[in-house]
Amino acid sequence: MQTDVQKFAATPGTHIEMTYFDALMQAQVEEMARDERVVLVGEDVAVYGGVKLLEQFGRNRIWNTPISEGSFTGMGIGAAINGLRPIVDLTVGSFLYLASDQIINQASKLRFMTGGQIDIPVVVRCCMYPVGSNAAQHADRPYPFFMNVPGLKIVSPTGAADIKGLMKSAIRDDDPVLIFEDNHLWTVKGDVPTDPDHLIPIGKADVKREGKDITLIAVAGAIRATMEAVDALDEEGISVEVIDPRTLKPLDHEAFKSSVAKTGRLLIVDNAHRVCNVGSEIAAVMAEEAFYLLKRPIVRLSAPDIHVPFSPALERDFYPTKERIMQASRQLL
Amino acid sequence: MRQFKGGKIPGYLHTSVGQEAAIVGACLAIGDNDAMTGTHRSHGHPIGKGAHLNALMAELMGKEGGICKGRGGSMHFADKSVGIMTESAIVGGGIPLATGCAFSAKVRGVDQVTLCFFGDGAVNQGTFHESLNMASLWKLAVIYLCENNLYAFTTSLAQSHGQADIAQRAPGYGMPGLTVDGQDVSAVYEAVAQAVNRARVGQGPTLIVAETYRFDDHSFRSSSRALGYRSAEEVEKHKRDRDPLSLYRKVLLEEGENEENLRAIEDEVTDDVKQALQFALASPMPRPETLPDYMFKSSLAG
Amino acid sequence: MQTDVQKFAATPGTHIEMTYFDALMQAQVEEMARDERVVLVGEDVAVYGGVKLLEQFGRNRIWNTPISEGSFTGMGIGAAINGLRPIVDLTVGSFLYLASDQIINQASKLRFMTGGQIDIPVVVRCCMYPVGSNAAQHADRPYPFFMNVPGLKIVSPTGAADIKGLMKSAIRDDDPVLIFEDNHLWTVKGDVPTDPDHLIPIGKADVKREGKDITLIAVAGAIRATMEAVDALDEEGISVEVIDPRTLKPLDHEAFKSSVAKTGRLLIVDNAHRVCNVGSEIAAVMAEEAFYLLKRPIVRLSAPDIHVPFSPALERDFYPTKERIMQASRQLL
Amino acid sequence: MRQFKGGKIPGYLHTSVGQEAAIVGACLAIGDNDAMTGTHRSHGHPIGKGAHLNALMAELMGKEGGICKGRGGSMHFADKSVGIMTESAIVGGGIPLATGCAFSAKVRGVDQVTLCFFGDGAVNQGTFHESLNMASLWKLAVIYLCENNLYAFTTSLAQSHGQADIAQRAPGYGMPGLTVDGQDVSAVYEAVAQAVNRARVGQGPTLIVAETYRFDDHSFRSSSRALGYRSAEEVEKHKRDRDPLSLYRKVLLEEGENEENLRAIEDEVTDDVKQALQFALASPMPRPETLPDYMFKSSLAG
């Protein structure tokens, strides 16, 4: 049997097919091998989490913490100030609230407040579990929550190559970066560059599908239902351009504008709760800066302003579905 | 279990098998008007406190007849009618809430004790510290009951506690802390009953650590079993020597209870569970259009 | 000398002039007198905070807490579940992050998650200190942060009558309500109804000034610079309709739309950081639902995406000024 | 003070007058390569650790020549060049950061001790609990130095601590906790020096509680003085009998130091402060267009 170390070793070709989750792990392995200041901190990380990084890097690089989200995140920030480049794994998106004081009042502010004396190269990682009856205390998508905060960079990769490249960029970045994974993307496969310096720049959106009738911005996990809908719309003769922001902070408004200049129609799909989400921000900027390019109102689809229910019967149509995306697209024409 | 594996129970399932004595012993020591809060693992606890089995089972399946109408699920039982205020799947998140229940009783001048369950892992959360301090300061009628099952997910006490005797945290807050055999239902009952007495006469909170063990894996969705954080022998040994059910059975038999009576009780319980299962399976799923229900009590303008 | 109790006793007339801060205090005094389940919980509340409520209500209603924001907020929530109606005073907006887990994961969710078995009538109060060299750790305006969360009601009164009426509504509401005060409004005076049942409904915006050329939505503390700008614009012959949302969650979009239907021009001023703030949400909803009413792009003014600096020299023009509001208004014509 | 009242110092100002011995004694016990973190009240602390007075004074006034370029101000000194990593105006917020500094030293295998200052009020924050536990668990080289000045703003220990002997919190985490006379600079130095030795040989953290007193009001903006949470007599008594400066002066004289030398040192300090004041007053305000500076280290794409 292959060990994890072998499995994630760099390969000779230029691309290799792997899952989103494996690509994330590979990014961590490569960066930890490249830079010994990179350490992993979180609950059960030495035992759980897919790849046993322990084998390769030992206990001094992989730290199982007590259940103390607030302070082990703060500890990661303090370590970043003092020469390490920690990856703090908060596991579940909903747990970020426990660490929000340290992330906001300390990590996002201290470089500015010390007049640039200290750098805070910390990565805060979490995964979101929107479906599967996790119930409201485990299902949040708290990225909008942090977007209002200056001093943070926020990424939300949706494909295997993207997560490898963005995770590597996050680790190499000298400022605090939050990375939000989507659990239902973990098993999605994609071609991933084997180049150990394959980086995706923070702040650059990606056109996932070219099209001419409608610009559809799909935020994070919304990409799955979006691609299904877009394939079906294509058969109906509706050509949709799909843009994945990839970075939520800062948003790549130029990419959005170029596409809207072409289509004149904008649909934004964000699985986060509706109020003050990523879609709100994008729509607001477009309503100001791309107003005269728009032929139709900007339409947003998102989760309702209701907590995520436990029951599968209530959860089923909670997030924008393929059907709703198709319907909204048709109405935009 | 079979229902979970058969796909009838969605989401997670953190069973409390092996920890029954700690749970039942503690719940028996408080009264109907007393309050209780639980955790992600508090499945037996509501039963101990007197909640209706049918509605609990239906909740596990996300049914309309569930105690929380299918909104909460496995980690979030509550039955206000019997004082089960809430359970928190955020580790340590329920400790301030329990403290608040007791705070309310004090302010309102009501004779009500709150029993707050949490695990050994939750002890390291800031909420434990902040809450115990306030409860001690104001002499709130709350019992902090730590079910120490030796592990938080895959992490042992030695890997997570600067000092592993949890009861020793109590003196720092000026409250008594004691450790009991959590597999001995009478011992737990005694300890909690005494703490309840203290609380009722205004002497404040007590931290009780029940030493117990989780027989099943952390949850029926995580694959931690394979991860080797505890040995198969360790688990087997506990199941063999420290099963609270057989231990108490033995005590009862020694005390003169006869086998037949015990069998009858066990059969009754089995019947209850079967019936609950029937109820749950028969209960309809909530209708999608009811999704917004229960978000707010006060209606909104506009 | 008048005691505080006399000062805030109900008076015979229908209105009385008082400051924003006194009106807030009066709301608390009246509600605490009306309903003995209302208790006040927070750091130094028994000593500090303007009016010595202790005199009137005694130690069993006013609780000085240890410095434990996370848990005394959680304690207030637990007490609300069990029969009290606590007002939790977190004093400074930036401290809300310490309590965000309890506010979000518990207070906002538990009614839903228990299928309506428990009610959580808790009020969380805080004040924002935007100017005066408080520096970034004391100057945040975290309302956008909580707007994405279902299950919370959020109010941001800007006048004396409003804060009295909204605070009373918040206390009487059976769900969690966050109330955000603006420190630089504390001394502003206004006519306040003496009726002890003077309530302002949560969810209703207020037209602070009628106008016909431009709709200006001024969020929370932005009202001050806004009114100055609008007075000056009036002299230039530009007629601006000023709407104060008063409630940030849920927003009163109907009120916004009626005004935009009249003016066709929308300017939103929000002192919060620019990304994902209240203005983003309003603009997004208007770009979807009022698109065909708009004659011009929607313009937003706000604080930059930079932390609040300490130095008075850097702080001076940090928030939208009278001049910037005037300029933006002129450009909208 | 005069500068604050004259409007030259914006914002808050929490002086540490009366607490000098605890501060200086502790700072002297660590070396130039060791790290320190402070709080809203840590004004004397950077001086004790060796930061440049001029830049500190300029920072208080929000000037361009300030140690933090006018971005941080009174509660947020830092001088990385001498190991002053950061100060937190969020009570308790700096404790995890200090723990992280020490964690980094351990991972990197560097001989560096971190000195973490905080107040009696901060002890009740969850961060205290969570951080001390981790530090003890991993035997981090960090000294938790609690300046116990008896009050958190207007709240006394008796009103906020379930149990008022703060050092007694330590055993719960498996670390030594001790109390020293915080007005005696030698006693503080001795205690910290011993803790530093323990830390350097891998024996882990120590909690040291220095009993001290704040002579001024909580801050020079709050009007808490009038609120009567402590009596004028209590304050006067401390100023008279427990002023660390005069106490140490007496010791030095008893030990044979002569009055003249002491005067000379005092004059030198006064001159330094005057000069710092000149520097600060002369320093320009930051230019408004520099506002975004120092937000990010890595530049952004696009």
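In this document, chain identifiers A, B, C and D correspond to the written order of the chains, with residue numbering beginning at 1 in each.
Going forward, a contact is a pair of C-beta atoms (placed from the backbone, for glycine too) under 8 Å apart; a residue touches a chain by one contact, two chains touch by 3 or more.
All values reported here derive from a predicted model rather than from experimental measurement.
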Fill in the blank from the handout: In contact with chain A and chain C alike are the chains B, D
Handout entry: Other chains in touch with both chain B and chain C
Key = A, D
Completion exercise
Ranking A-B and A-D by C-beta pairs in contact puts on top A-D
Problem - Distance from chain D to chain C - Cα centre to Cα centre, in angstrom - result: 35
Problem - Chain centre separation in whole Å, for chain D relative to chain A (CA means) - result: 39
Problem - Euclidean distance of C-alpha centroids - chain B vs chain D, Å - result: 43
Exercise for the section: Provide the list of chain C residues touching at least two other chains, using ranges where the numbers run on. Expected result: 65-66, 68, 70-71, 94, 98, 101, 105, 112-113, 135-137, 150-151, 250, 304, 306-307, 309-310
Problem - Numbers and ranges of chain D residues touching at least 2 other chains - result: 66, 68, 70-72, 76, 88, 90, 93, 124-127, 130, 133-134, 137, 159-161, 295
Problem - Pairwise touch network: line, ring, star, complete, or other - result: complete
Problem - Complex interface listing, chain A residues touching chain B - result: 43-44, 47-48, 64-71, 94-95, 98, 132-138, 304, 306-307, 309-314, 316-318
Practice task
Note which residues of chain A are touching chain C in the complex, please.
Solution key: 70, 94, 97-98, 100-101, 104-105, 108-109, 112-113, 135-137, 140, 142, 144-145, 147-151, 249, 251, 272-273, 275-284, 286-289, 291-292, 294, 296-300, 304-307, 309-310
Problem - Complex interface listing, chain D residues touching chain B - result: 124-130, 132-137, 159-163, 168-175
Handout entry: Contacting residues of chain B [partner chain A, same complex]
Key = 10-12, 62-63, 66, 68, 70-76, 88-93, 121-122, 124-126, 152-155, 159-161, 222, 224, 227-229, 285-288, 290-292, 295
Handout entry: chain D to chain A touching residues, read off their complex
Key = 35, 66-72, 76, 78-80, 85-86, 88, 90, 93, 95-101, 103-105, 107-108, 110, 126-127, 130-131, 133-134, 137, 293-298, 300-302
